[in-house]
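What follows is a structure written as structure tokens; I'll ask about it next.
Think of it as A, B and C in the order they're written, each chain with its own count starting at 1.
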Amino acid sequence: MDAINNWMNNSLYKISKILEKDLKTGYHVNSDFNIGLASRGEIYSLLDKMLAVLFPGCYCNEKIPEDEMVFFIEDALREITLKLSKHIRDVLSDESEENNIQKAFEAVSVLIEQLPEIRKALLEDIKTAYNGDPAAKSLDEIVLSYPCIDAIATYRIAHTLYKLEIPVIPRIMSERSHSRTGIDIHPGAQIQPGFFIDHGTGVVIGETCKIGKNVILYQGVTLGALSPFDKKGNPLRGAKRHPDIEDNVIIYANATILGGNTIIGKGSIIGGNCWVTESIPPGTIVYNKNEIKMKNN
Amino acid sequence: MDAINNWMNNSLYKISKILEKDLKTGYHVNSDFNIGLASRGEIYSLLDKMLAVLFPGCYCNEKIPEDEMVFFIEDALREITLKLSKHIRDVLSDESEENNIQKAFEAVSVLIEQLPEIRKALLEDIKTAYNGDPAAKSLDEIVLSYPCIDAIATYRIAHTLYKLEIPVIPRIMSERSHSRTGIDIHPGAQIQPGFFIDHGTGVVIGETCKIGKNVILYQGVTLGALSPFDKKGNPLRGAKRHPDIEDNVIIYANATILGGNTIIGKGSIIGGNCWVTESIPPGTIVYNKNEIKMKNN
Amino acid sequence: MDAINNWMNNSLYKISKILEKDLKTGYHVNSDFNIGLASRGEIYSLLDKMLAVLFPGCYCNEKIPEDEMVFFIEDALREITLKLSKHIRDVLSDESEENNIQKAFEAVSVLIEQLPEIRKALLEDIKTAYNGDPAAKSLDEIVLSYPCIDAIATYRIAHTLYKLEIPVIPRIMSERSHSRTGIDIHPGAQIQPGFFIDHGTGVVIGETCKIGKNVILYQGVTLGALSPFDKKGNPLRGAKRHPDIEDNVIIYANATILGGNTIIGKGSIIGGNCWVTESIPPGTIVYNKNEIKMKNN
């Protein structure tokens, strides 16, 4: 026990000084944004609050009586306005604090004014899910137990902030949903209403994707970049890197569709495990005739 | 700051009224089931309690002294009976409240009487895991750190309620485990004891699958439907849509096996990334001779 | 209600006795390690504390003032030393309690002395991420919102304990990160600095993998074993079963690379969905020319 005490009294401080020096002088990270674990926890709660406003029967703790609904919603929106604009202000970098406060408030007010539109899109998403999955017994089952609702609602909220050029917070939102659902939708993607992702684990949708109406994806589908680098090996920041998926397309499990010039035409069906890096004309079925071989065990 | 206050005083109420109207008159969702966030939280706790009864050394908070074990178990079962039957009652739709109470209690009592049988099956699952994974150093390591234990235990509990035709709650249970493990087992699947899923992220097992004894799956395996639609484009509700896997089959990473008529015969091995939509005779090795091409970088 | 009370009074105790007997006499699990749910919760908190020491701006609850930083770090390290060594002692199996205490303390002190080295490696990892992902707007965004930071930091901590032959706890750590990120890195793998995993869901890295400097993986990549069994069907415990990846290799989404003799040479690029079970010479591009077929829908 003496050795332990000696080590704690002598070594811990030395190691702490090394780490402190490294944080202060070295290649440090994460001092610009004032957005620690507590702030992220609050952003997560505000996302839950937005879901409760959109689907009170499912995302509130308790059932809200009908005649109290409008007050519940207004209270929730007021809390979201005040708290979310504070977090947004903390990630803005204008030198004038007043400008940051102004821009943060404008962003939150745009987001809140969009909520009825976002709800309308989500109802289209839920309808596509019900029509697309024979295992769904009711619309309510979808809202209560399908991971795509969490992922797509979070995406539609985060996308609104992304368009307003709010840094980091849209990505914090999308990663929270990625962690819970396995579905990784970059807030920059542009996705029309009527979108369904079944099961969803492993789905990746890149920053510059465009997805039309009534599109269905299954688990493991990647809509990604062909290569993140240009010919000189530098990252292709800002370029269109990810595919476009037109209306009424279905893409089965683990298909990989890559490239900023790739367009999957209206009404096409992409089979499972397909690897597509070129455009597909409308109304085409693409399938993967991968030869399997057999022998006796 | 005035603009902010003005907006909050004027716009929030208007937006709240729009959302309220939409909830009351439009295509609303999720008013039938009285199963909000708090109820789902309690269902999750009850699942944990069942795991604690099945594996007290691992899923209890603290070690239970041996001579208190039977009291701990009885207390836990009593709590599960009372609370779970309340939640089940809330999702039943018989017009007579008394019938709902009766049916809910019967469902919980059947589930609790099945727990020793479920534990026996899980011990077979753990044995298969130990024999199937060279990285496992002990049985305890598997129960303490393998995600398949969470996924398969949850499945075996949810399946019991699914067979009793309890709506939504089995799916809420399976999605909780899907969120934590990346393994999506529909409660309707029929899975014999001795089942092991290694790593597991991305595994999808459909509602009408049947899986025999001592089957091993790796990450990313899909046992799914060929298409969710019939020839007229309507969802195939109720039909047998997913494959059967016979005893002693091994299916390697990211293989996709589809279709309600597909049977993988006893003792077969399906190689990684294989795409199988037809039956495979017993004792067959299936592998994917996908040609890779190489060039100098 | 009488039926319910009768059943509770008569059946619950009987079922409890069956489960108790099964736990005491049957093929039980999980009595050796004293590491229940509460202990695992504390191990998770200690992991968070280590992340807070490594990246205080991101993983602390609140911003730490610069002149308090060294005290914050020292306090955190002291708490980690005391609590983690207690949990490690509980999983050690030497008959002498004193030896267990000694070994546990030595393990924690080695881990804490390694933290500056671990931080240096993580900074290389973050740099590779920034250079490898055009969607990353800043280094801070990566630390705040990329799942690979959680996965790789946890791996570097767990690997240090694995090398010191601490049972179970490294796997409990890696599974926690697997659950949150979908990235499953076995603590036994040997991974050089400058490692980046983009998106990450479904990535599996086996126990005996070796990975060089500046390697990039995408979602769904498996670095696994060809088969877990030897020719007699016994698990290959202890053998080298997983591939080696040399410096500056990029492996795209859903590629599967298997086998203990497989070496992917320096600077090679493995295309998405490729299936590789043999060594690849340095500087090679491997791609999967999987034929897709098309027909009109």
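Keep this in mind: a residue touches a chain if its C-beta (ideal position, glycine included) is under 8 Å from a C-beta of that chain, and two chains touch if they have at least 3 such contacts.
A quick note: this is a predicted structure, and the numbers were derived from the prediction, not measured.
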Quiz item: Connecting every touching chain pair, does the picture come out as line, ring, star, complete or other?
Solution: complete
Quiz item: Shared interface numbers for chain A and chain B above half of all numbers used, same, or below, different?
Solution: different
Self-check item: Cα-centroid distance, chain A relative to chain B, in whole angstrom
Solution: 23
Quiz prompt | chain C, residues touching no fewer than two other chains | solution = 182, 201-202, 220, 254, 273, 288, 290
Exercise. Would you pull the chain C residues touching chain A in the complex into a rising list?
Key: 48, 52-63, 66, 69-71, 73-74, 77-78, 81, 85, 105, 109, 112-113, 115-116, 119-120, 123, 126-127, 131-135, 137-147, 180-182, 199, 201-202, 218-220, 253-254, 272-273, 288, 290-297
Quiz item: Which positions of chain B touch chain A when the two form their complex?
Solution: 3-4, 7-8, 11-13, 15-20, 22-24, 26-38, 40, 167-168, 171-172, 174-175, 178-179, 182, 184, 186, 188, 201-202, 204, 206-207, 220, 222, 224-225, 228, 235-239, 241, 254, 256, 258, 267-269, 271, 273-276, 280, 283-290
